[in-house]
Amino acid sequence: MRLPRILTPRTVAYAHCDLPCGVYDPAQARIEAESIKAIDEKYAANTDPEFRTRALIIKEQRSELVKHHLWVLWTDYFKPPHFEKYPQLHQLFNDATKLAGGGGGTKATTDGSKADELLQKIDEIAKIFWETKQA
Amino acid sequence: MRLPRILTPRTVAYAHCDLPCGVYDPAQARIEAESIKAIDEKYAANTDPEFRTRALIIKEQRSELVKHHLWVLWTDYFKPPHFEKYPQLHQLFNDATKLAGGGGGTKATTDGSKADELLQKIDEIAKIFWETKQA
Amino acid sequence: MRLPRILTPRTVAYAHCDLPCGVYDPAQARIEAESIKAIDEKYAANTDPEFRTRALIIKEQRSELVKHHLWVLWTDYFKPPHFEKYPQLHQLFNDATKLAGGGGGTKATTDGSKADELLQKIDEIAKIFWETKQA
Amino acid sequence: MRLPRILTPRTVAYAHCDLPCGVYDPAQARIEAESIKAIDEKYAANTDPEFRTRALIIKEQRSELVKHHLWVLWTDYFKPPHFEKYPQLHQLFNDATKLAGGGGGTKATTDGSKADELLQKIDEIAKIFWETKQA
Amino acid sequence: MRLPRILTPRTVAYAHCDLPCGVYDPAQARIEAESIKAIDEKYAANTDPEFRTRALIIKEQRSELVKHHLWVLWTDYFKPPHFEKYPQLHQLFNDATKLAGGGGGTKATTDGSKADELLQKIDEIAKIFWETKQA
Amino acid sequence: MRLPRILTPRTVAYAHCDLPCGVYDPAQARIEAESIKAIDEKYAANTDPEFRTRALIIKEQRSELVKHHLWVLWTDYFKPPHFEKYPQLHQLFNDATKLAGGGGGTKATTDGSKADELLQKIDEIAKIFWETKQA
């Protein structure tokens, strides 16, 4: 069982901006990926063709947002020392962004398992991200 | 002293999408508002005119994103029973979005105190949001 | 019977921009809502699946534009004295933007009656808007 | 003296969308051009460097919107018979969109006279537009 | 037979920007039109409804990009002396942008022959463009 | 001496789209980077503050476009076998996108030498790209 987020301390939030302002947060990618997962579930449960077309339109946008947020982290947040310490980072980001794309990723399917894989990759990235913030 | 976020349980993320997918999260607005706050600080500390122009360009965008994320919550997430239970909600959202705008809000100033006010309003909204999620 | 607009004096136009420049006009929302109405009619009259998919894609965008233009009026144009004088304004805007959304609004249906309801709400807003401009 | 718009019949609104839905309205371009004009005036009256930078950022966007709305009319609304009947139309649109651009148009200057010229061209286009709607 | 582009000298690239920076290149429109052509082919070869909906969503965007890139050339790059020397230019651009639109253009069909016509028009424009660059 | 591009065979163009349509072209990134280079030169030659502010606004956008086009190539075009054959690819893309960013890249400076470095990295990527297309 998971605690509702309201019960946990949530005083710090992290964003990105290419000033750079120094504020980043993998939650931005995760939130969109959660949305994709929910869209897949609603798609499976509703065979109305208009609803399904709308679901595909929106899933396309959410997947693009995931890619964008991840690209920003990869290029703007992570620095050479990070890539040295975590040699798997490049591949991890490449895999994750591919998982949100059209060639076998969440854009190309309504099968929720792709969204699950994407969420997992984002969590791996987030784990590393928060380790580097603590360092 | 605040705990680093990595030490807190963060297993659930909430997003928005107008399918609607049912996933929302005030963190999206807060992240952008944190960015505005950081931009204000960097602006104050750096008098280079090119840097300052860039800071204003980016602050304009971040403020717009705050407004957008808040508008989405106000229109898409909150429903009539919420507005009944929290009669201050309309005004709270109107105040918060004005605080991210050009007529006396974070777009119009580099004084970080406006960003602080904005963050406070977002936290008030978030508190109500999470109460309704628990209900 | 309604006169064609060409026969009426149309020398003033109002826009928005968050400088703020002080120029606003509910026509921006109405124009997009009229477009939604026309899309619904064309959708009903044409069963070609490619056409229908395109209609849904475009209706999604137009509905989003309606929401955006209304949000701008609500946050940027209307000021505390307006909300005092027109206590129904908050609810009116919340209803109108919901009517252009995915949870029971024009995004979620091709039934033109939702577009009609939306147009009616926009006209109510426009009436108040022009009253405040005269004041 | 001009009558306030509220006193004139304004029941019909026209939009564009490339379905096409058949709804167009030169007011979309005019509203943005009015905004540019107002920005120029506020720019002249306010020498605060932050305000001026914001004014330039926003004027850039508004000018781009004018160009976009005009391009849509030129390509999507006007048809071969219109261009035959109004042989000056191509040049008129090319001049008008150049007037909203960076090479001597409203993007390149804060001198309000360029905005005036742009508004005049839009009115010429609108006059022809409404003639064709009546035909 | 056409040589692969890798075998030709490709040291110069041209872009647009409304500073104006003076850098333009019809390749931007052509690249998107090639994409439309490829989408049409993939659409014809794949009857999966989800794939087809995605193809229509993306074709809509690519067509809009073609229109945008062409509009930029027509308004920002070409100057009065060009229109004098090439009196067909206005009509050529109007035809080309219509070919990328919804009223009988590439947005409205998945029949690749429209994309072919569009590509041909872009090539006519490119030929004139490069002649003017040499002048 | 370089031949003007008009003299070389340019019949093939390559684009991207996440259908995926299979059409990609590093020229998209290069065109925007050339634009940045030209903006830097115009910035150096013109001390008018309004012009300079506009140059910074536009350079910000062009730099973002470079990053986007490169990210698309890295995630959507290049596949595992490419990364095996060209183990430097990840770093090359990370360096190139950083060079178009705000932390020491073309967003952060008007010194044309950063644009030169960026163009060089794009050419390295293009060289590999075209080798893989021939393979």
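For clarity, chains are labelled A, B, C, D, E and F in written order, and residue numbers in each chain start from 1.
Assume a residue touches a chain if its C-beta (ideal position, glycine included) is under 8 Å from a C-beta of that chain, and two chains touch if they have at least 3 such contacts.
The model shown is predicted, which means the values in this text are computed figures rather than measured ones.
Listed here as common contacts of chain C and chain E: A, D.
A repeat of the A-F interface exists among C-E, A-C or D-E; more than half of the contact pairs are identical by residue number at D-E. The chain with its Cα centroid farthest from the Cα centroid of chain C is F.
With centres defined as mean CA coordinates, chain E is found 33 Å away from chain A. If you average the CA atoms of chain A and of chain D, the two centres end up 40 Å from each other.
The set of chain D residues that touch two or more partner chains comprises 18-19, 53-54, 57-58, 102, 107. Judged by the touch criterion defined above, the protein chains form a pattern that is neither an open path, a ring nor a star, and not fully connected either. Across the whole structure, chains are in contact as follows: A-B, A-C, A-E, A-F, B-C, B-D, B-F, C-D, C-E, D-E, D-F, E-F. Partner chain D is touched in their complex by these residues of chain F: 50-51, 53-54, 57-58.
For chain B in complex with chain C, the touching residues are 18-20, 64, 67, 71, 74-76, 83, 90-91, 94, 97-98, 101-103, 107.
Partner chain E is touched in their complex by these residues of chain A: 52-53, 56-57, 60, 102, 107-110. Chain C makes touch with chain D in their complex at residues 2-6, 8-19, 21-23, 25, 27-28, 30-35, 38-39, 42, 54-55, 58, 61-62, 126, 130-131, 133-134.
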